[in-house]
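What follows is one structure encoded as structure tokens, with my remarks underneath.
Labels A, B and C are assigned to the chains in the order they are written; within every chain, residues are numbered from 1.
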Amino acid sequence: MSEPVLTISGLNVDYGTGTDAVHALRDIDLTLHRGEVLGLAGESGSGKSTLAYAVTRLLSPPGVITGGEVHYHRRDGQALDLLALSAPELRAFRWQELSIVFQGAMNSLNPVHTVHSQLTDVLQAHRPEMKKSERTARAEELLRLVGISADRLGAYPHQLSGGMRQRVMIAMALALEPEIVIMDEPTTALDVVMQRQILRQLVKLREELGFSVVFITHDISLLIEFSDRIAIMYGGRIVEEAGAADIYRDPRHPYSDGLLHSFPALHGPRRELSGIPGSPPHLSAMPAGCAFHPRCAKKVEACDSHVPVLAAPDGSDGSRSVACWLHRGAPAPAVARS
Amino acid sequence: MKFLLQRLAFYLVTAWAAITINFLIPRMMPGDPVQSLMARFQGQLDTNAIASLQALFGIDKDQSIWQQYTDYWGHLLDGDLGLSFTFFPTPVSEVIAQSLPWTLALVGITTLISFVLGTGIGVFTGWRRGSWMDSLLPVTTFISAIPYFWLGLIAISLFAVKWPLFPAAGGYDNALVPAFDWPFISSTLYHGALPGLTIVLSAVAGWILGMRNMMVTVSSEDYVMVAQAKGLSERRVMFGYAARNAILPNISGFALSLGFIVGGTLLVEMVFSYPGIGYQLFQGVGAKDYPLMQGVFLIITLSVLAANLLADVLYMVLDPRTRREA
Amino acid sequence: MAVTATEVAVLDATETPAASKRRFRFLRGRKTVVGLCILLFFVLIAVIGPWIAPYDPDTMSNELLQPPSGSHWFGTTQTGQDVLSQILVGTRGVLVVGFVAGIIATILSVLIGVSAGFLGGTADEVLSLLSNVFLVIPGLPLIIIIASFVSDTGDLLIAAVIALTSWAWGARVLRAQTLSLRRRDYVEAARATGESTWRVIFFEVMPNLTAVIASGFVGTVIFAILSEITLAFIGVADISNWNWGTVLFWAQSNQALAQGAWWWFVPAGLCIALLGMSLALINFGIDEFVNPRLRTETGGSRKVRMRVGFTPVARTGTSETGFTPVARTGTSKKEPRP
């Protein structure tokens, strides 16, 4: 595996402070390697978007990062502690090294500015040496890159279709050729045909430009198709992390197994759709022990009292990890596959 | 352009509604206070004046409502608003023509100043929510809750009676003849300073609070978070994204609040005996001068409509969504 | 659905038992407590004012135009009436007119504004036209004219006239807010799934309008109180009915200013401003309560300062680790990519 570009260790995030605080993220350890596509999956409220925004410190109030570290690794080997940056340093880091394609491009573009203005202001902020004509040329180039004709540059967001707006957001994310692009449900609001089209384009662009991707979605079948590795989140923790193929063929956590059976696979053999009984827990009323145990069909004695640690399952080679008592300590029966 | 034409059509409808309300009020009210007043001036009125008053207030019960209505419109379109009782036999239109410029200047200048000032301060307090500037809010709240006229009373008692820095009444020095020369203009500025400051102080607090709330609302919009994620400068995010969008509702608010503001300034004119239409209105109220009161109401409404149209033009320039594609 | 984890976390948090106490937290805010206390004080005066007034407000005495003293706390008028008693007795009329007008106007504005915004089409055109007509027609001159044509101007009539001329502002704000809510993803979704219009209005739209409705109500009460006092001050309303405006009317018509009798008009004005301020402070409390993402005073912790776009990092406990090399940003040139 290649060198890491982003390492997250022991990250904790609360909403609110003091006695009213709820824990949104607990002890997140995650590494993004250079050039890979890392998928983040989980139901609404599992903390996947919170994780993406916490890394860049974009969480809105009352979000507070209460512990842990996030390091960005430059190509020259220097590490940058993102949680220790001052506001000007953070501003310089943002978009230059790490950009985001936000979910819901409807509200992500400012309705009163043209596409041109929203594409070039980022160039103006980070590349002050560029001339006005150069910025415009770059904006045209970016639009062509995502398959939009350059004459749409003068358009306002309300004059574009949903798919075009999302492409503009992607073009914007690539404006400075960052090392990392976080994609937060980039295609959720679009129809399936448009989804595929945009994702294919993303894959192509990634091969050309070589950036790393954190791909967030609740649609795990998309992740299996487009990502190299997948981390599955539940109740503010990562419960399983493994290669996409491993997750697909051999999910170890019962929750991963359930998620896989909640979405129809687009390729490969048909699976039975079953879904997961119950609903995700509230952040403020998290069950003791493994947060998933009230919904888990395979729970054992330790589950409702002890939090399982994310680690390599017993008897594996260390290329994957899971937080489940079924794979810890005493040999447990393998998770049934369908 | 289509947007503007639509607005124009709307204002014409509104003007029609306001004029019709004005027509209906004296006819819907119980009793007939106008007739008694008519009787008071009967001997002094010529037939033309009687005809116009009849058209305005519907004294002649033999006419059908529709006939009264068409007569009313006929007189209005001739610019005939009847005769003022207070300044008998001066026509109401003449009284208004004399006092309207004073009001337009006083209200126009002070409203513009307070809007610009309040919006500017509101941008900063809304953006830096939770900073020390929030502690200014109770003060502005307190000021915005004070009636304009009471602030005017305090201003007079402090700066005209206790420390006679400014004149307590009037629009200019009575020894001067109104003309476009320096002594007269400086005199109007001197007389207008205290009422003007009163209006600005009263109105600015409302703009601060309104803009602050809009800034707070807009700051949580996705596109502001995107702007932050892009690493744009604080200035660009604050003005180009947050304030640029937050000001839109404030501009529609600007024109619409004129109705409220005008109400407040009318009272300031009264307290300061400032020769605008507000002062005339109160003289009319005191003397039960219905033609004058109704004429003033009509003119104020039409002025507010015109101001609304101006704000619409500005809004159209600032919000691309109102511009239809060709 | 396209709801971020942040939204889920915060919106749901108000419904869980652990957080149910925060439902009333806006009552604990310093500003709100001050506002409520002042309002309660005036309500109390409105109820018991006539009984605790030391003198009959109409009774004249020989102590003409006396400054405040032990026997007359707020001094006396030109005719020897007690100013304090006039203000105590006059409080009831002020509050009754303010709240009656506020309630009528708020009901009108919700009915008209929300319907217009949600129904759209012809209904919107007609209702907007109606509210805009009432909005641009200056309220105060209209109230003055109506009131001066009517011979019998009691408190309730004044309240009704004020309500009829002041609902339009709230209706317009509500319409705009409803319109923007209607375009939000979740409302669109509810409509798309075939939920009935009124269900969508009451369960998806109205909860998000609470702040606007509440602040509209409070704002209308302030406007009504000011209008009523103004009417009394210029002598249009019934001047035999004591309220704070009547006090000011007599002060003005008896040249209190020129005689330097500040005690005659200062107390009434301060009462108006205090009452208005208390209502506005309550408005702040509602605003901060309903808009949880923008709450800044949380749990009494003053250590962490929330700031949009820059999530605070507040490491607590033992997770503080040693130094990490921090590289300066924006200095190193990026390597060219393949």
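The definition used in the following text is that a contact is a pair of C-beta atoms (placed from the backbone, for glycine too) under 8 Å apart; a residue touches a chain by one contact, two chains touch by 3 or more.
The shown structure was predicted, so the numbers you read here are calculated from the model rather than taken from an experiment.
A centroid comparison over C-alpha atoms places B as the chain most distant from chain A.
Chain C has its Cα centroid nearest to the centroid of all protein Cα atoms in the structure. Contact tally for A-C versus A-B: the pair with more C-beta pairs in contact is A-C. Computed centre separation for the pair chain B/chain C is 22 angstrom, with centres defined by C-alpha atoms.
Centroids of chain A and chain C (each the mean of its C-alpha atoms) stand 42 Å apart. Put simply, the C-alpha centre of chain A and that of chain B have 54 angstrom between them. Residues of chain A found to touch two or more other chains are 58, 60, 87, 90, 92-93, 96, 104.
Along chain B, residues 220, 225, 228 each make contact with two or more other chains.
Taken residue by residue, chain C touches two or more other chains at 293-294, 296, 306-310, whereas all remaining positions touch fewer. By the touch criterion stated above, chain C contacts chain A in their complex at residues 1-6, 8-10, 12-13, 16-19, 22, 185, 292-296, 298-301, 303-304, 306-317, 319, 321, 324-330, 332, 334-335, 337-338.
The residues of chain B lying in touch with chain C in their complex are 10, 13-14, 17-18, 21, 25-26, 29-31, 33, 129-130, 134, 137-138, 141-147, 149-150, 153-154, 156-157, 161-162, 168, 209, 213, 216-217, 219-220, 224-225, 228, 237, 249, 256, 258-260, 262-264, 266-267, 270-271, 281-282, 285-286, 288, 290, 293-294, 296-297, 300-301, 304-305, 308.
Considering their complex, residues 56, 58, 60, 87, 90-96, 99-100, 102, 104, 107-114, 121-122, 125-126, 156, 158-159, 172 of chain A touch chain B.
Per the touch definition, chain B reaches chain A in the complex via residues 220-223, 225-234, 236, 240-241, 244-245, 248, 318-321, 325. Listing the residues of chain C that touch chain B in their complex gives 31, 129, 132-133, 135-142, 144-146, 148-151, 169, 172, 176, 222-223, 226-227, 229-230, 233-236, 248, 252, 257-258, 260, 262, 265-266, 268-269, 272-277, 279-281, 284, 287, 291, 293-294, 296, 305-310.
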